Amino acid sequence: QGVKPKVAGVHASPVENAWNSRLHAALQAAAEKGTIEYVFSEGVSANDYPRVMREYAEGGAVLVVGEAYAVENEARQVAAEYPDVAFLMGSSGEPTGDNFGTFGTWNHEAAYLAGMLSGRMTQTGTVGAVGAIPIPEINMLINAFRAGVAETRPDAKHLIGFIGTFFDPPKAREAGLAQIDAGADILFGERIGTADAAKERGIKAVGSLTDYTSRYPDTVFANAVWNFDPILAAALADKTAGNPTGKNYTPYSLMKEGGNDIAFTASMVPAEAIAEMEAKREAIKSGAFEVAVDMSEPK
Amino acid sequence: MIVERRETRPLALVVLSPVIAVAVALALAGVLIALAGAPILDAFRAIAVGAFGSRLAATETLLRACPLILTGLAVAVAFRARLWNIGAEGQLYLGALAVVTLGFSNPLGLPGPLLAVLLLVAGALAGALLLLGPLALRLRFGVDEVVTTLLLNFVVVLLVSMMVEGPLKDPLAFGWPRSVPVLADAQLPKIVERSRLHLGLVIAVGAAILVHLVQSRFVFGLEAKAAGLSPRAAAFAGVPIGRTLVKVALLSGGLAGLAGAVEVMGNRGYVSTDLSPGFGYFGIVVAMLANLQPLGAVIAALFAAAMFVGSDAMGRQLGVPSFIADVTVALCLLTMLLALFFSSYRLRRG
Amino acid sequence: MQTTIDILGSVGLWAAVLRIATPLIFGVLGALLCERAGVLNLGIEGIMTFGAMAGWLAVYSGAGLWTGLLVAALSGAAFGLLHAGLTVPLGLSQHVAGLGITLFASSLSYYLFRLAVPVSGTPPTVEPFQPLDFGPLSDIPFLGSTLFAQTAPTYLAILLAIALAWILARTPLGLAIRLTGENPHAAEAQGLDPIRIRIGAVVAGSAVMALGGAFLTLAAFNSFFPTMVQGRGWVAIALVVFASWRPGRALLGALLFALFDAFQLRLQPLAGGVVPYQVFLMTPYLLSILALVLVARRARVPQALMQPYHRGER
Amino acid sequence: MTSRTAPALEMTGIAKRFGAFTALDGVDLVLARGEIVALLGENGAGKTTLMNVLFGHYSADEGEVRVFGEPLASGRPRAAIRAGVGMVHQHFTLAPNLTVIENVVAGTAKLSGLSLSLPAARARLRELGTRFGLAVDPDARVGDLSVGEAQRVEILKSLFRDARILVLDEPTAVLTPAEGETLFATLRLMAKEGLSVIFISHKLGEVLTGADRVVVLRGGRMVGMRASAETSREELAELMVGRRVERPERHERPVGAPVLVARDLTLRRGGRTLLDGANFTLNAGEILGLIGVSGNGQKPLADILFGLEAPSAGTVEILGQTPARPSPRDMVRRGLGRVPEDRHAEGAIGDLTLWENAVLERLREPRFSGRFLVRRGAARAFAAHLVQRFDIRGAAPDKRIRLLSGGNMQKLILGRNLDGDPPVLVCAQPTRGLDEGAIAGVHARLLEARERGAGILLISEDLDEVLRLADRAVAIHAGRLSATVPTAGLDARRLGLMMAGEDLGRAAA
């Protein structure tokens, strides 16, 4: 057994941030299994981001994992200058060259399923969603949730709030409270903090990306969980096999690959809603049903 | 206890005090590093290597120094005339915004270099104009500019946020809030291959030399100093206070605006609300470390940049939380403030 | 128009106003106390961040919530002492020292937090302050679910505003602080020690600021994370000006700002950004500048604000 | 042990050093109960320092202070106040934004106390006011008071705290002669009630009439003590300076053509008329004394002449020309020499060097600058030349001017103006706060310039000074000028009446 490949994580936010925590969890799991050596930096500002990428590239990392959203051009520039290193970046853009691979955070299928449950559970017929800023991946997530709601409760009213920043839980909480005040009795919390509002007012909430059930046991009844592991595994496999890694790894986000799934607490959900949802889940996995990808800004 | 100004500043003190300051700051940072369980000496070595030890390290240090030189100059120029410009951050952003607004297209078909020069001027002008507001309030109503310039920083960043989510939003940025890029041929060329280091460094150092000459040799430099120290006496001597402060403000705001222009045109290519990790505020650090001397600002900016880049790399290497970089720079500022103080004052019991 | 009225009439809005205002009230009172003694404390943003971290960490490590607040206040006091030490006896530039402290306190709080709390998937939480139950009072329509449905620190903030107003206007200590802020030489000639008064005011003011930070992690939310304070300290600095250095008006200013914020959060999901939300966020800053222009004419600014005082200097 | 017979104050062997400089060197001072002592001395003799030691602003390096027989803890104003010492500082220590009563009661109660008990304090303040003739409205904002009223507040602050020893540092420097007289009447009253008073002054006249005893300091040592009944101006002046000082005399000389003519100068600001149709003519080779109590419009008049302020109406003619929009530098270029009223606030910039201060007025002249660059060599040489020619002590071109004493700073200001032999000079209060030696020096310079043929407008509050130096005098009162009268045969009483505006009617004829 040779040396373990060194994988670097470059996190623009602290790793507690839900999205980063998914990358971090997958990378740490891999490191614990002994497949990789994992190093990381967190809270890296856009100005520093390219430097940190370069430092890892020069420091012997074979794969650099991170997020290119705020630095799409710069990140690609770095990749071009370090052709021997693979870069795997969350991005809304396309892969570039042989070594700049991208992935999208497509847990919209799970969000759809959570929406179906929500549609059955809402009493007021109003559901809210709190997002960061209207970028395509957040848009598609919220749109999918709404589509799910619409399937089980076609007349539902939807409230949308963007907090204008990626990480401000108290603000997300205020936005959530505002929606509750406006009549929502189920909140889709794309951002952490939303569920706190639901908890405070005794209504139910849906989590996104990570599983919030243990954090809000009586509030969060379902989560649209996203798993980074399949993407990481695929990219690592390509890298070890010597294949180009400059490709779009987003398909590994899909439910059939294990890239996303719903995690829910059965005791909090009506049984008939579960059955209906599980059926849809199977349909998605088998390819019989495809959740629409709608990246337009929800209004 | 009485604070007493030293009439002579012993050379040894002037030279030694910054050294002692940095040593103390590093020692304190060392304690924190030790808390994280990392070996301290290795950590210090890693800081040095991380700042200068490779081509990447050196160019990154210089790259980070570049806007710091300019904002440091902006602050030094203003502070010397007792114009408390805390608004370099906002001026930087407004400069950047101006550059992007005028530089994302080229309706007149200007040649690239000419457009670049015009954009630099436009950036400087935007920053300059922003400082005129607080200055006017001070001259007209006696409103203290510390608070107004500070507050305008947040206003401008919100304005940038509004623009990059609105009219200037890059349609190709997948909804990410950032502006359209400046045309490629109006961007500043890189001056070291395979690095981020760009022509802005030359501009910044040139600006420092120019400011040095202006302050030490020019009539305007002396008038600005006089106006800052005592507006009444300067007015009596015939120094046009308003006009002089306006010039100071134009120069100071202009330098900060230039920092924004250079950062956009040389480094990032577009503007967003995360363009600056506090370059404007660090400019105050730089200016103070430089004792408001323009050429000193170059060295101080290099120092601050090296501390940051070096500690950041160290943190990565030794598994110390990366926030150690900012802690170290902040410690350096505080100890350096003390060192500067003790090199020109002494304490005596009353 | 109708939506505006609906929002303004909603209970949730007014409950939110008090909640959003609380950290600002602490911040603005702390800053005001420092400035009344003649010291501008731009360390506020960092001190609030550190208070948020320290208070939370104490509770996370097993201390009670009130102990957490106390720890936050003490940590704020420590940074206040640092700021005062640099600016009062030594007379170093107040804005530079203040910005240095913001830099230091905020980066140090992230660093210590990361050392103390190992990296984990979601931010670790504590059980925060719960809204108090005032029994029958809480059942009064409207008032019950706004005024009487807050967490304890919110009431602490309001009490503090009243106390500070009373101290400044009515007590010998308050007069001593005001005199020091107006003319430290006069204070010394009256047998007061302006240095100690300034240090005391800055230390106490900083402790109050830190409570504002702790409110964020112990009441408004239940975790700490970097950039948590999100410029609330700067807003507080602006509000001091807006309030003409008067505690009562500071309270009003904080509530007004919170009203803006709460209103815009509620308008947004309904009206969907007719006015960019940034405009709302800019308003308090611009209003403060306007206020500054208006008060400057009436010379309400503490006259020795930012002027270092050295004994025996002329 | 408080002895019933111990003197109010005994300072023995007081020494105070600032760095290497010895400001006080073994000074002894005794003050009896109910006595008024004047402290006299040149600028920098150590008078203020001695009193600051007494009040606890400084702690002495050597020596002992006893108040009513009790040793006084050093370096603590609070201890001094408690022992019954009150001090009225040279520069008022008042907070303009607070009310009179607030200024007075601050620091009087325990800081841990819960109430200011203002009503009681008000009553007491009123009572003190009537008793000593120091009436002020307790609830007035101090910033709205006149200088005289502000000084009353200063004294009341001490009385309010039961001061039994009152120290006043140059109390009359800012007062009108009439206010000064009222003050001394008050001091007498206080002495009768058993208070002891020390006041510092440069004005020999008031020292002789106002004090029981005069103590003279020179170079940080006590060099003499006289009962004021048994000494004279001349003796005191000599004690102060260490040699005989003669104020120079003016000799008759023929007068030349007009050099500075004011025509109907009027200045209105904020609805108030500060200067109301002022007319005068200043001729070459004469000194025109403009006498008046400060605050009657001489500052606006000087500012107009200096080019700092544009008149609301009227013109200034200098050497036959009438500049359309005069500016300070324009007036200087046209041949005006200017000495401002406040040398610290207007005449010099403390943190600039001597050379920078020397050339700032003429910075734009080709001699000192090119299009952009300062000719630093020429400027330094100019400063060095002034230091030499005008005997500026303790000075070097690259030294910060803050380090000069008032007298030497004044020499630089006069020197930079006189060096080019300007045909016109406007000097505002050129000897205010200066000691006898320095005053004689300034007077000599002004008379030299007159001899040379310069026309000099001497703005002063000092009757003596005007009578000695000026050929003609004009008074200003409430913004209006009297007619100009020759000083020959004029006496102080008549001048005093003119200052008070009594004589204006006759003068207009």
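Note that the chains are named A, B, C and D in the order they appear, and that numbering of residues resets to 1 at the start of each chain.
Everything that follows uses one rule, which is that a contact is a pair of C-beta atoms (placed from the backbone, for glycine too) under 8 Å apart; a residue touches a chain by one contact, two chains touch by 3 or more.
Model, not experiment: these values are computed from the prediction.
Least step count on the touch graph, subunit B to subunit D: 1. Using mean Cα coordinates as chain centres, the one most removed from subunit D is A. Of all chain pairs, the one joined by the greatest number of contacting C-beta pairs is B-C.
One simple way to say how far apart two chains are is to compare their mean CA positions; for subunit A and subunit B this gives 37 Å.
If you average the Cα atoms of subunit B and of subunit C, the two centres end up 28 Å apart. Note on chain placement: the centre of subunit C and the centre of subunit D lie 46 Å apart, centres being C-alpha means. Contact with two or more other chains is made by residues 110, 226, 278, 311-312 of subunit C. Annotation for subunit D: residues 57-58 touch two or more other chains. Shared interface positions of subunit A, defined as residues touching 2 or more other chains, are 42-43, 164. By the contact rule set out at the top, the touching chain pairs are A-B, A-C, B-C, B-D, C-D.
Contact residues of subunit C toward subunit D in the complex are 170-173, 175-176, 178-179, 182-183, 185-193, 299-300, 302-303, 311-312, 314.
Listed in rising order, the residues of subunit C touching subunit B in the complex are 40, 42, 82, 86, 89-93, 95-97, 99-101, 103-104, 106-108, 110-111, 114-115, 226, 231, 234, 237-238, 241, 276, 278-279, 281-282, 285-286, 288-289, 292-293, 296-297, 301, 305-306, 310-313.
Residues of subunit B touching subunit A in their complex: 54, 56, 60, 64, 161, 165, 173-178, 181, 194, 196, 267-269, 272, 274-277, 309, 312-313, 315-317, 319, 322-323. Those residues of subunit C lying in contact with subunit A across their complex are 10-13, 16, 19-20, 110, 119-123, 125, 216, 220-223, 225-228, 230, 261-262, 265-266, 268-270, 272, 277-278.
Against subunit C, the residues of subunit A that register as touching in their complex are 14-18, 21-22, 24-25, 42-43, 128, 159-162, 164-165, 167-171, 173-175, 177-182, 192-193, 196, 210, 212, 215, 299.
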